[in-house]
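Per-chain residue numbering starts at 1, and chain names A, B, C and D are given in the order in which the chains are listed.
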């Protein structure tokens, strides 16, 4: 389906248009960006609609030659997992643009162009099935985001942007090594030089080699997800990024890590992934607890939310490596729910910073009477983030823990302990920011959220609620299609579920 | 008188080392240039010696080329020293007055 | 799909929907709705739910389905990878009783709150949370799937958090709310682990499926029961999780009455009663439940004896009474536990509401030693409080509390005389502390002059509950008095046949007599200690009293052993240890750059030297074989 | 005798002939103009300009013709000439790059060379180009030596071109001394090799003679040292920063681009017949130098605040990357080296062109806020730096990936580790430049170079090429792979015989 290319090209074209529009008038890029997003949503709806019924787990496919001499093609395929994450991307782009970027005064054209370019890169990551093309998008999406943070970020933006770029790029190089290693081994075996995901999945690898190649992929995705101890770029970056950047980072960019783990670690190297699973599960539990623990200690509200992301995405790692369809589905739901809740929290934190000119929780407090709407939405999303049943996050966490319990009850217990800590930091954040008494002699009049914010955040809330109470559509889509034979029914999990592993 | 090519090579090597040492220890630019000439001539000598070993004219051809190079290098080198002086460098000391570093 | 079900099946979802809809409307109105409309909406919705529940009860009891249960499947929630969870309700006698309590008491408390919260600017938020709580509690008691139950379970916790911290401007209230949520969340996590264990074992969390007869015993069953018990203990504020409930009194009094006395804190009891076959398969855990219940009962009663704040007295009393229920559960007396749950809901809600009425009249003074002689100024409230206190103390024959406590005592005797002795001591202490409260607050000299009057919307619930607290026990009587077994027989399809009593061979009569004498002794002793005397009332000041007043030091111990080390370590690591690694790398890079930069010092001889050195090094490397 | 000489001319590679002819024409032109009586000093400007333009046009035409000459259907060199020149596809590719780069440098210095009359500069430029082409095409130590020295001597003139500029004279002095030394070392090594083999053909390091192993080893090391110096590979790199700093910007570009292409082409030819996959002596030497160059060059650039010196460090590092490609014999090795050479040339040339169009001082501080002041220029420089850093969509991304592919397929794990570590260091300073350009502009604008049409066109063309080839590298990959088709099967089978990852080495 040629429309898959459109998912990448449309935002790029929008980016160019926004940049040009920025030269005409400062408000025009915003409108262009909105229009682009609406078109993108329409295109995605078309793609979703055009999927032939019963056509197997791979829903759409398109391919064109790119660098024939090296067997590199512009091959894109979309499965349910990709579709879910594409929708998440589009859904989160709207709050980015609607809520955060309208008031960008400094070079709005460039800002929106970069934002759309990032979205294009992310879209590409979610559909590319040529490994080189995937890597191309993987690296490509960093550049505009780097510029966004460097130019429009907060006080310590330079360092943060640097860290972000170096970590992701450096780990990306490891992934490049693994990709090329896989390609070379495949060529050695078959004499065919190709970067095609489906072909490479058939490569026979000796166990140590598979482990080595898998680790290259794992590190790249672990940095992005992030997995403790490779998370150190994230708090700085999320804290210093402009609001739209934080939302995009937390909501979408991190999901590329989870997507990669599923698509390229577990499915390309199933055996190695099984052998690596104990380590990954331990890292996941460590991430859940460590992120929550540090979140609790933060005074900077954005930093707190950032560490909470580390904690939440530990569940994704658990789910992916729990080795069952259950865990995989849980990881996907967790990714979507985390995108919505944390994205919204970043919107709120950004709004607070706009109003108070500080992110320091020690200088907040008692904001509820001054900003009732903002505070109420903050409370709602904090509660979502602490995993209240009935909201999306709980579904993800529960499924992940259930899948983990089957493999290793102690790890699942540690993960459940993370739920206590998440309540701790979420409620502490709410308490310190909104409750209590205001510092000094009360707050001067502050502008509360208006209808625009309430509508968009309300929509996010509704999505979370829907995800929490009726997640079945996402669950049905979320099982990733297997690389091996597209005809195999979707229900069979990539790794046999079942009792504890030795 | 004839000398074995090996001996000639040995001599060339010594000359070469001497020239290299000169470049390393002399601070006067003029002497450094001269040391380089010595090194070039050592190489030329080595070519001649090698040519003698194989009874081929190639070595002598190379010798002529090196001679030309040495002459050109000397000419350009002296011109550059003049340029240095014209640009305001007071001495021929290679170690002082350097502006380009770091 | 719904249309094919018999109309009775409409009612449970509808009953849940009433308060839920009210909560949604109130939340979305964002405080723009006028206060009277808010009150009418909230109380009306819960009242409607109560009426519907009554109607449902009548229809259910008059023509019970053959299986004594009615299943309503709303939708499939999660169906993935061999796991299936549904949003589904089951109406059976147990959930019906719980619904009656929740909606009935809930309605009366809402009515009371209309008066109590008059003039509060945030009344919409208050009622939104209250109605939401009722909805969540109904989900909790109705769910036929443990995961669905967990939604209600956490939902009531959230509402509890929101309502304890209702007056958020006071930092202490927020802290108390947080503490309540976190401590119960620890139990929730344990419960969740229990669910994971059960789901892994059974492939689903449908209660009927989980409770199929022939539960295997063994360590897995013990572990599952232990985890479930952990959740129940935390929710019901039992040792070692009891620390949150006294602090939770920071919320408005109707909240204390509804959530922290009548309904939410009894969720643990309900859970264990509902899942009792799992506990029967785990005798160790049963024993632990009984012991923990007894310990809680005594410790909390002791604490209640030393408190000075009227609401804290009632809070410790609640903990103590819940201990009775856990004791009953631990001895397998499911019906007795539920019976006490019901009567306790009646009289404790009454006590809280009466205390609230007092507090309103004495300018939000809560220290009983600043009250006194209020019986003359507010006889109606006095009567209500006295009725509640009598029921709590278990005044023989004329109060509901007597019958339910008797049922528990009987079972305890059968299980172990030691448990029985402890429970008897508890009964004595209960009478002692509540009498102390009554004597000091309502008798003796006036210390704070009351003003105003208790308005009708508060008086009516007080009156209604007073009647219920006195007569509520008549549905279930010991054989020695009268063979009335309405409740046990009703619950029999769920909880099994009522336990056989000791028969009429005199032992039972003696037990009954002893049980009846203990509260009387307590009241008598209280009269000796705290009977009205002019100006001598002051809190006891001994070491023991201080320890009891501080809840036996649990708070301090947890703070010292868990919270402080956790926070201190976190504070040390607040900058994130791992974050130093990139800094080190950056420093190393800078150092390398500086060294290399220093190599280029501009001296051409040095450069030539490096060339020579490189050549020589290469030669050496090459020649070395 | 002259007739005999002329008779051999058609055997010469066409670009060499065209360049030589062009130089003669330019010499004549300059001589004609120089013999005319010059008027008052003030009145000569116009005429000088006119003459310079004429010189530039001659130079441009020469380079263009030489480029076209690459496609001449001349028969491959035969007879004596075949012993001097190897006019193969690799030569054609390298020469094409050299000529394109020289053309670009000519565009940068179209009318003036840093404020000076530029006709002799054009002459030197052509001479240098000739030297580079000869060196790149040489199959014989004599030809190589002549080409190399032509290149070096004309570079000396170009570096010192600006009179009364102390930095220029100092840079020339340093280049003179060091280049002389290294030339001597190289020559001595060639002499030793000749003594060992009796063959002046510039194709392979001499095989060790069992009788005199040290001689062959010394020959190889010395030749390599000479080549490494000209390539500015670490630890023979120290001159580069100073020379680039002191020379006029177009000349810096010439040193960093043209002379390196020529030397790398020659180096690759030198090792064409050698199996570099093993742990042979030259392979080990190359590997050590590659690691030192990658890490050292990037570290050096990391600490710089002067853009030219920063580019010097970057250039050193890129030589290291190229050496990795050279060492990774196999299906990708040669192709990736050729591709990388093009990517490197385009990006470095573009970066220097941007420097030439930017502030007078190459200080990083002068570029602060350039995105706000001259967005197009800043964007162009950013694209070049992105390409050098290996970030998509610039061509450097694919080029680096290609090299990594070569390294992986040749199992050069240690080299790849160094490549990755140094690339990450490299990202820091490339990004730092981009960041500084994105920072808010200071109030006082630095003095900028006059806008020059040639530079603008060059920058636009290079930026476009960098992005376009980055997005669609297919055709160029096809071409670079085709360069070595005959050589591939041998090495490929060699690599395959060992099987992947069974014996990990350098």
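Methods note: contacts are C-beta pairs under 8 Å (C-beta built on N, C-alpha and C of every residue); 3 or more make two chains touch, one makes a residue touch a chain.
To keep track of the chains, here are their UniProt names: B = NADH-quinone oxidoreductase subunit K; C = NADH-quinone oxidoreductase subunit L; D = NADH-quinone oxidoreductase subunit N.
Bear in mind that the values here come from a model prediction, so they are computed numbers and not experimental data.
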A-D compared against B-C, more contacting pairs: A-D
Closest chain to global C-alpha mean, per-chain Cα centroids: A
Centroid comparison with chain A (C-alpha atoms), farthest chain: B
Distance between the centres, which are taken as Cα means, of chain B and chain A, whole angstrom: 64
Chain centre separation in whole Å, for chain D relative to chain A (CA means): 43
Where chain B and chain C are represented by their mean Cα positions, the distance between them in whole Å: 96
For chain A paired with chain C, centre-to-centre distance based on mean C-alpha positions, whole Å: 37
Shared interface positions of chain A, touching two or more other chains: 166
Sequence positions of chain C contacting 2 or more other chains: 597, 600, 602, 604, 608
Junction residues of chain B, two or more chains touched: 20, 23, 32, 94, 98-102
Touching chain combinations (by label order): A-C, A-D, B-C, B-D, C-D
Residue ranges of chain C in contact with chain B within the complex: 597, 600-605, 608-609, 612
Residue ranges of chain A touching chain D (in the complex, touch as defined): 65-70, 132, 135-136, 139-140, 142-143, 146-147, 150-151, 158, 161-162, 165-166, 169-170, 173-174, 176-177, 180-181, 183-185, 187-188, 193, 209
Chain D-touching residues of chain B, taken from the complex the two chains share: 5, 9, 12-13, 16, 19-20, 23, 29, 32-33, 36, 39-40, 42-44, 46-47, 49-51, 53-54, 56, 58-59, 61-62, 65-66, 69, 72-73, 76-77, 79-81, 83-84, 86-89, 94, 98-102
Residue ranges of chain D in contact with chain B within the complex: 141-142, 145-146, 149, 153, 156-157, 160, 163-174, 176-177, 180-181, 183-185, 187-188, 190-192, 194-195, 198, 200, 241-242, 245-246, 304, 306, 309
Complex contacts: residues of chain B adjacent to chain C: 20, 23-27, 32, 94-95, 98-102
